[in-house]
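The structure is given below, and queries will be raised subsequently.
As written, the chains take the letters A, B, C and D, and residue 1 is the first residue of each chain.
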Amino acid sequence: MSANFGRQFRLSIFGESHGGGIGMVIDGIPAGFPIDEDAIAYHMARRAPGNDPTATARKEPDRVKIVSGILDGHATGAPLCGIIENTNTRSGDYAQLRSRIRPGHADYAGFVKYNGYNDPRGGGHFSGRITAPLVFAGSIARQILQKQGITVGAHIAAIGPLCDSRFDPVNLTADALTALHSLRFPLLNADMETPMRAHIDAARMRQDSTGGVIECAATGVRAGVGSPFFDSLESVTAHLLFSVPAVKGVEFGDGFAISQLHSSESNDPMRVADGHVICTSNHNGGITGGITNGMPVILRAAIKPTPSISRTQQSVNIETMENTDLAITGRHDPCIVPRAVVVIESALALALCELLMDDAATHFI
Amino acid sequence: MSANFGRQFRLSIFGESHGGGIGMVIDGIPAGFPIDEDAIAYHMARRAPGNDPTATARKEPDRVKIVSGILDGHATGAPLCGIIENTNTRSGDYAQLRSRIRPGHADYAGFVKYNGYNDPRGGGHFSGRITAPLVFAGSIARQILQKQGITVGAHIAAIGPLCDSRFDPVNLTADALTALHSLRFPLLNADMETPMRAHIDAARMRQDSTGGVIECAATGVRAGVGSPFFDSLESVTAHLLFSVPAVKGVEFGDGFAISQLHSSESNDPMRVADGHVICTSNHNGGITGGITNGMPVILRAAIKPTPSISRTQQSVNIETMENTDLAITGRHDPCIVPRAVVVIESALALALCELLMDDAATHFI
Amino acid sequence: MSANFGRQFRLSIFGESHGGGIGMVIDGIPAGFPIDEDAIAYHMARRAPGNDPTATARKEPDRVKIVSGILDGHATGAPLCGIIENTNTRSGDYAQLRSRIRPGHADYAGFVKYNGYNDPRGGGHFSGRITAPLVFAGSIARQILQKQGITVGAHIAAIGPLCDSRFDPVNLTADALTALHSLRFPLLNADMETPMRAHIDAARMRQDSTGGVIECAATGVRAGVGSPFFDSLESVTAHLLFSVPAVKGVEFGDGFAISQLHSSESNDPMRVADGHVICTSNHNGGITGGITNGMPVILRAAIKPTPSISRTQQSVNIETMENTDLAITGRHDPCIVPRAVVVIESALALALCELLMDDAATHFI
Amino acid sequence: MSANFGRQFRLSIFGESHGGGIGMVIDGIPAGFPIDEDAIAYHMARRAPGNDPTATARKEPDRVKIVSGILDGHATGAPLCGIIENTNTRSGDYAQLRSRIRPGHADYAGFVKYNGYNDPRGGGHFSGRITAPLVFAGSIARQILQKQGITVGAHIAAIGPLCDSRFDPVNLTADALTALHSLRFPLLNADMETPMRAHIDAARMRQDSTGGVIECAATGVRAGVGSPFFDSLESVTAHLLFSVPAVKGVEFGDGFAISQLHSSESNDPMRVADGHVICTSNHNGGITGGITNGMPVILRAAIKPTPSISRTQQSVNIETMENTDLAITGRHDPCIVPRAVVVIESALALALCELLMDDAATHFI
């Protein structure tokens, strides 16, 4: 029951979809660090639902009100608290929501966990809306990383069975990652946009939804970030990624595919180039022994189809303990993958920032 | 740089492959809990290298000497420390090991991280041998889970491209899981053992190694274990799984495959049966919103091929910063997947134990 | 740089005296727990400055706006965020505040720590105002403790050299503690109020301030709460107490005076009474080995004189690095001891709640 | 129930007085840091019981066997585990020990906490012997601090009612602190040794014991170490100090005495001297707002009389729940204050090291 993460860059998130608001407290931002609020807003907007037909019709400006921790554009060193007030909510009578169990959602698990006291309105604390604070925090982490020459970016690797190209794991550039930020439907192979959107539209027309895969990378990460075992970059990043609702799989480098290789193929050969050690391939996604090796960090996250669909589904009434047929009404994304891209980036940015700071703690002498 | 994990069931691991020994400290075992040391030894033996031709020739009894925390067979409530002394080590002159960078290993990343001071003998703290303490701790977690009616088990889901059957995600039983424990090469479909072993043998003959996938499950887990966001069962389990050297991918339920479904397929329909809420399918692997829903918990972990191979590989000398050809000698597993099965089980057992205890902390009133 | 405390009852505090607001996030409140907001407001009012002549003239209603975590009067199980907006602030031009170093304050230490970027207005994050969130969180902890039959209360043990009576460490009752809550100047010996107030008034007339001691106790605490070493009740409580600005000393039971005794005096004799084990004296303040023994828990905290005084003091200008004479203007308490009583109580309540929950985590089987 | 402390310099301690051994795991030592094992042994010997008549007759060499984390005299960056094997133990039949409750000890509190399963031999995990790992860890922290120009030292401030002089809080030097290390009965005023030893002897002759106070200081600490609230240097240090068995009071600077001053007396005036900011007095013990201000850090800890005495005491039999008279036999210190001096120093060293590393984590950019 922990809304806290991080030993160095410490994040607390809070909020419920239709309550007073959502937000976060971040402790550990270096004092004096210039916070670019416009850049934060830029990334927040990438997550926000909008006019894109793949997204829910609910419009949330997601304006973050800074309560503390920033003065004259710089971090004060004290905890930063930011709040996004909930507006445009239509709660209605929610007493009946408690007993209505939506398949694929947290409704049943949450009902049992919280003895029926969890806020059922709009999914409450389980809402995907709570990823907005992750993006906010990730955007600050991103700015800190930028000073270290690190860039994080991601693209839609798949929508349902339709796949985009993969990142070039060896020659990936910061510019290529940055270019993806401005795309509402970020792809490496632009030709896939039409069939992918058609796949999503077809799902919506059938009152259904679809999932996908996001590929995310970071360039400019020096070797030596992360630790063996519980602070491996993979562990910390996966911890954050699996905190994102709907993520059901995470892989680094070749991931599941590496299990089909032989070591003679998957061991990335090492060479000296321009006085630096490089690998001529990157099956390990820039991480060996839990620690970065200087190659681009690459991961993929599998996103399940949004469980909220209008189709009638088999469910139960948890009060009467009887079977029931359930049709969910309301505003839902037929595919959250495009909006989730910046969330996945934020998780990687947070993990890198955490472990860079962790590394600094032991290098003070 | 953290060798600590857990807020409730707190584990510290330590040790280097060819140093004085390896071990762990566990804090949080309920006082008076009967510790079955034979059962621990049973699971430790499953990980230990032995006569099985898939494993390294190095024979380690992995006998754990209990230093504290157990008296007359019961946990005292004080921290349990156990040590496995390193024996049968052949270190030789290791000064030159520091500069010898093995591709696919942590050697280069570790050299940079630790400024060349990490113990290079046998991989030091990066050695797969450090998973023995994980199995020890996991075996105690398993005993605690057993009292709650929870059973954890796993099988080899794939060796290279050769796949075993999958667990029946709905009707999986504790007996089926327990039966797997006693198999040195645990499979659901025994017919796959011969071709899989042949695949491993072929790799060894070519001085190569191969990877695979492990599928792991827990039965008897009540609904309500885990939390949204940073204490999701997926987050905590994946954190531990990615701490295991060689794991490059983790997925729950249908995992990456769920991203290709529509929600109408992946939403597990819910029904009332015998007064309980059940799902008639289990695409979500027993977890929604980060919390268990009462169905079997199911995950898969991708294991990369052991990077230690005798073939000549392209590498660098980190002292002279020159390219070099490297041939690794010594005793190596051509496939660690069979030995890793119990390690993966241990990670899931530790995560479940942690989150069950976490749940108990808020139910005291 | 941590604004987080607690493993079970997890508190994050934030805010700066003259920024957007102050507040806290609490994670770990049992779902369904009824939150009595009036009772919280009651204790918040005890800390708030008011008409009492010992307090600053600044009037702050300290109304907490609940952002999340409470629905229909019950904890939802999700993190509770509450905000107190800052009003009635007179910031003026604060650029010059940065260079003005107030002796006895955090100004210089904070300037160095935060490279001059900390919010200097009203002390920023160092303000005593940030104890309001501690009282809020402590008030919820208090409600949880109440269900366990535990009562926390405190009195002014000394103002300057003038001492109140001490708690009867053996026969202290919950009623005696509760009775103290309603007193604006809580004393055991009411006769001391007049001389103590005179002492404070005299200090104010001299543009000076005075310190004091607060004695705090908890009754109804069963034996077995706390742990040896780092989770000793004394460690956890003292950690919180020394987080309160102005606390410079903490002692449990006889505290410093016990060091002058012989063991034959300080060892509390044990007897069986009505089937329970009791002590016939309580020199140890209800704690042995870091764990409660069933006797009243008793501690004292030393509060230094408020450093903000109008008298001219010797100081430095940190920009010009020159000596300067400083006269602080503004609204200041000549003695914060009366207002700090509820803050000290809150720290003890938080520590007891944390360790009760910690104990529950290991008693689930 | 936590044997873990620290976010940066992470310490796990374990062990029971008469079990297999005691020890610690330290994670976070900078890789490559040269570990001076002789210097560690020097400080360990200061704590060890010896021929000094104030100490127990039990002779423990306290030789620490390094299991991991050091290679060729340098920290490897992996967790350091060290074990002190228990020898010279006389356990005998300990079943009866469980029911024998020693007044002033943790026996009763521990029995309840651990349901009677705690190791009762020699106090088990409650033994003062478990402070040896604290001294070990503190000795490494001390070496790290030394590189920053920081020296920690302490003296006996009081034995019973007999007081030594106090540190000069303004002009204290590193040499003065270092000189104390070599004294078996460290005092500033050597004339007090005879009466103090006489006081201890008198207690022993009466089969009794006596307490005292230890004053501890650190010089060379730059301004800016520590944080407001939960990472205040006072909070972190007091947390560790109250983990030390027998500590019942902790104060910084003038501590309890500051509560009797006016602010015009206790506010340390600030001046510029040689281009640095200094205070001309040090009532605050070098800490304001939880952060060091560059003046010597000064604290005192009150030590209660050792509860183990041979005199007959009133107690209970916890099995039969009857009153009983108890006479404790065995080897006991009539006064542990001299041996505790290095333990108190170790706690301060650990806290300073933790917060210096914490500070470094946010200064990486």
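Convention: contacts are C-beta pairs under 8 Å (C-beta built on N, C-alpha and C of every residue); 3 or more make two chains touch, one makes a residue touch a chain.
All values reported here derive from a predicted model rather than from experimental measurement.
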| item | value |
| --- | --- |
| Joint neighbours of subunit B and subunit A, given as chain labels | C, D |
| Steps needed, at minimum, to go from subunit A to subunit C via contacts | 1 |
| Distance-maximising chain from subunit C - centres being C-alpha averages | B |
| A-D or B-D, whichever has more C-beta pairs in contact | B-D |
| Cα-centroid distance, subunit C relative to subunit D, in whole angstrom | 26 |
| Subunit A and subunit D, separation of their C-alpha mean positions in angstrom | 45 |
| Between subunit D and subunit B, distance of the C-alpha-averaged centres to the nearest whole Å | 39 |
| Residue numbers of subunit B (touch at least two other chains) | 1-4, 7, 13, 28, 31, 77-78, 113, 125, 228, 358-359, 362 |
| Residues of subunit B touching subunit D in the complex | 1-4, 10, 12-16, 19-23, 25, 27-28, 31-32, 65-69, 71, 74-81, 83, 113-119, 124-125 |
| Subunit C residues touching subunit D - in the complex, by the definition given at the top | 1-5, 7, 13, 101, 103-110, 112-113, 125-126, 130, 158, 160-161, 203, 206, 208-213, 222-232, 234-236, 238-243, 245, 247-256, 258-264, 266-272, 275, 277, 279-280, 283-285, 287-294, 300, 302-309, 311, 313-316, 318, 321-323, 358-359, 362 |
| Residues of subunit B that touch subunit C when the two form their complex | 7-8, 28-31, 33, 77-78, 144, 147-148, 228, 356-365 |
